[in-house]
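Below, chain A partners chain B and then partners chain C, in two separate complexes.
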Partner chain A sequence: MVDSVLRVDGIQKSFGGLRAVNDVSFSASRGELLGLIGPNGAGKTTIFNMVSGIYRTDSGQIFFDGTDITNRHPTRIARWGIARTFQVPRTFNNMTLEENIRVALLQVNIVDAEATRQACAVLDEVGLYAKRHQNASELSGGERQLLQFVRAAVTRPRLMMLDEPFAGSSPGAIDCMVERTVALSRSGVTCLVISHDIVSLPRVCERVVVLLDGAVLTQGKLEDVREDPKVIEAYLGE
Partner chain B sequence: MHFELLAHPAIVGQFIIDGLGRGVMYGLMGMGLALIFGIMGLINFAHGSFFMIATYIMYFVAVHLGVPFPIGIMFAALGLFLFGAAFERGLITPLRARLGRNWLVDGYVMTIGLQIVLENLALIVMGPREHGISRLIQGRMSVSGVILTNERILIFSVAIMVVATLAAFMRLTSLGRAIRATSEHPDAAMAMGIDVRRIYTITFALGSALIGGVGGLLLSTYPAFPTIGSDVLIKSFIVVIVGGLGNVWAAMIAGILLGLVESFAQGIASAGWQNSIIAAIVVMVLVFRPSGLFSKPISRP
Partner chain C sequence: MLASRWKYAGFSLVLLFLAAVPAVANNNYLTAVFVSVLLFFILAALFDFMLGYLNIFNFGIGGFMALGAYTSALLAYHYGISPWFGLLAGGCATLLLGLFAGIITLRLRGIYVGLTTLFLAEFVLFALSNLREYTRGAAGLQVSSLPDLFGISFSRSNPLALYYVLFVICVVIYVTLHCVVNSRIGLVFKAIRDDQLGASVLGFNVVRYKLLNFTIASFFIGVVGAFYGNYIGILVPTPQEFGVARTTEILTIAYVGGRGTLWGSLLGAFALIGLQEVFSVVDQWRLVLYGAFLVFVLMVFPRGLAGGCKQLAAWITRQVQPRR
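For the complex of A and B:
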């Protein structure tokens, strides 16, 4: 794909005798909203960890904007413009909400008063401004999802990877994340979304990659994939 | 037992001042160990040897070169900062890169090895003789019968300054926030572009500088000697266990608490009792509150 921002080419990853990811290939174009779905243990989060550099790839290659980023250090990958969230929110719970955002803003060299201003602005946009001086440990699970979402977004990424962003979130928080994900996409940010939320996913993604047992089962438009008998049998069930 | 001594306000006041003096020293000793453990998860068994190096630096700079004591303390802190940074970058970083998430046990062994090497090197190079000074500064004052030396006032002042500076650094600076973020979730910190390798090197160097400064400050109490660090390591472990592993502020509070217990135990009972009482406190903390007195309780399986 000419305008491909992310190209994953035949990546593999094993843990001991278990092959968690087996020859997976897919690509995502600029501004695309691509879903990564599949039952538990399909290898979705492992792929996220390989793209973001947390796990080393056994074989295969990962290209970001044409640059080979396979097995590069996670810090370097983040600085190239790949942001991510985690399935279990990894907010900095002993820090205030404002500090959580300020830490993320360091990556784009925004500090001091401007960092405070921007942190307050993004927290206000997602309805967390009133809690800006509270520690993240005082937030609900859904609010932590929202916090790690905006924390990733303020780093001005070119690729945003969201791992189960809607899990445990309130309808209001889900609406907020859906709106902001779509807005990011319209501004040219490619978004890769892992989700089990079959209600919310169509609001975000048009195209999905379906994984089963570490391999790509099929990929295509969401409505086509939902009709695929293999997918129905493996994942959707109805 | 001489409980009747508690009826004399001046004696009780002296116990408190002595206890605070010791406690602040123990707290300062434990802070570097707690900082490194809190951020990196690494228990630096060479902590006492770092203190030992600092006492030698202080002795040579202040006594041989005749440099004023405050500058000597700064030299000791700076020397250990550089030593800590070199050790972390030269040996710990490659270990972490090679072993990934399973580096900690090897890290413990490496610091134990470093302690053995440093102690023996000191013995070979410096010999078994103690190198110390009688006082950093002279003078004392008496308030209602309670004697307070100027050196003790200096140690209190330095402790307050160190705690305030460290708190301000951690809370108000970008680097401090990055260190705190890394201590909670290194993966999430890396995902936001924080150079965790650099953070670990700085943290280890800072923890080393803390114990370096303390080594310089306490030269009159703990003279330079190859194995002087053993006692310091034990005291540091005690305050870190009682306060809570990895909690820098708790180390200072636990240090003061232990200093007071020691002072009263020594005054009311005898010098031999203080270690038994402290050991009993450590055992009780480990049994009833293994996470430490001032940290969140941990659940046990």
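For the complex of A and C:
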């Protein structure tokens, strides 16, 4: 596992008496598309929050490109090349779509006319070009998913973490998101995709980590995992 | 392009209006009203620069002003330093206070920042009242007037000249704030205002940007405070002058004008100073009047008078433009 971009090693997180994440370990290699699945409350979002530095980990370590990034500040972690989206989309709502992208482009020193050009280009890719002068608050939930996705992607991360990117989106938006995610991983970006249902994932991920009650239930190829009785039980028992 | 040309036309017209009216009228009462308007406008714009662009509540803005005013006045009183230089010195002293306040509070959010700035401001007023040998406390500190420059008298008997000093200060501050807000830095400010967490996971150091905003504003508040001292001629560290009451007035003007627009504060200042002059008999009810007006305006125009103007402009544009 020398070439793993992200390596999570025995991380734990409790909220009061609740063990939200309990001794979770997995890793993802360069350009890999790894799925993180499990029913609601399994601890998926909490893992993202620990990797991106929003929550402190109680114990365990997180390595990114061989560097220990455990409990570093979110700003530092972002600068290292980890970008993410949120389950409930977070966009800059009183700014136009173009401004949302331009502010992200500042991170890679793209400004002025070139920023406008690139912002228009990426908004066009996700079908939001016509709305580029509207405020983000005017978008639908699915459109805001797309916006926060491209906003994260333009910062040229080496690891992209997507929290339920397909939830609440129209079929068109889902297709678009799948296509962009696959393109991102082809270009060498490691992608970690959360999904609470096992159905929408196949087109995206070859390998998945299945979580239940804060612990890793199993991990492996999607076809194998889907046949696993433990996984079937976890989903039927929900 | 057209929109920006309209903006420059509007800006020039307002500038011309503010420059010409007091000179043409040449009436001390009107000049005094215009001084009030500009003072409140620029303070509200500074308040809005912090609140409307970064959600920083500075409830101590009155105390910050006091520090600027006293720094300049004390330097002149004790050490004979020119009040012209005092304008900058007042700014620098307040900048340091802002930096200190920022470092201890800006990691916190919302109400804590407001409370801490308030405590600091109260502390400044407390110190000014109690260091009597140095500041003369409640007895009042005489402020020397601005010395003549280019053969023009800037004494208090020549209010028109003082008005133009303030006018220049306001233009410099406004243009600076406008440039910052429309720069790359301003873009990050707005992102942080909209979603602090979202901005930090993009890699922006939220605290550093807040500190930058807060120090810029503090410096200018100090400059305005120093001018204010020279204008009124005697400084007393009372709460009406520099305490919560003053902060409330400034806040009301910023809200009435419209948050996040800077220029809205000019509308707010004209509206409230105008109202106050009309109802000058009920001076002790001033804050009540302000409150009632604030509620009224925000009910009619939720985004303040500036928001109302934008709606009006959009409506006119729609009427003028033929439908496609």
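To be clear about the criterion, the second predicted complex is superposed on the first by the 232 of 238 C-alpha atoms of A that agree within 3 Å, B and C clash if a C-alpha of one lies under 4 Å from a C-alpha of the other, contacts with A are read in each partner's own complex, and residues count from 1 in each chain.
Please note the rule applied: a residue touches a chain if its C-beta (ideal position, glycine included) is under 8 Å from a C-beta of that chain, and two chains touch if they have at least 3 such contacts.
The shown structure was predicted, so the numbers you read here are calculated from the model rather than taken from an experiment.
Superposition of the two structures on chain A shows chain C clashing with chain B.
Look at A:V111: by the touch rule set out above, it reaches both chain B and chain C. When both complexes are overlaid on chain A, the residue A:K44 reaches neither chain B nor chain C.
By the touch criterion defined above, A:R7 lies against neither chain B nor chain C after alignment on the C-alpha atoms of chain A. With both structures placed on the common chain, the touch criterion links A:R84 to chain B and to chain C.
Where the contact sets of chain A with chain B and with chain C meet, they give residues 52, 54, 73-75, 78-79, 83-84, 86, 90-95, 99, 102-104, 106-107, 111, 148, 151-152, 155.
Chain A contributes residues 52-54, 73-75, 78-79, 83-84, 86, 90-95, 99, 102-104, 106-107, 111, 148, 151-152, 155 to its touches with chain B in the complex. Interface residues of chain B facing chain A in the complex, by the touch rule stated above, are 174, 177-178, 180-181, 184-185, 187-197. Contact residues of chain A toward chain C in the complex are 52, 54, 73-75, 77-79, 83-84, 86, 90-95, 99-100, 102-104, 106-107, 111, 148, 151-152, 155.
Considering their complex, residues 184, 187-188, 190-191, 193-195, 197-206, 260 of chain C touch chain A.
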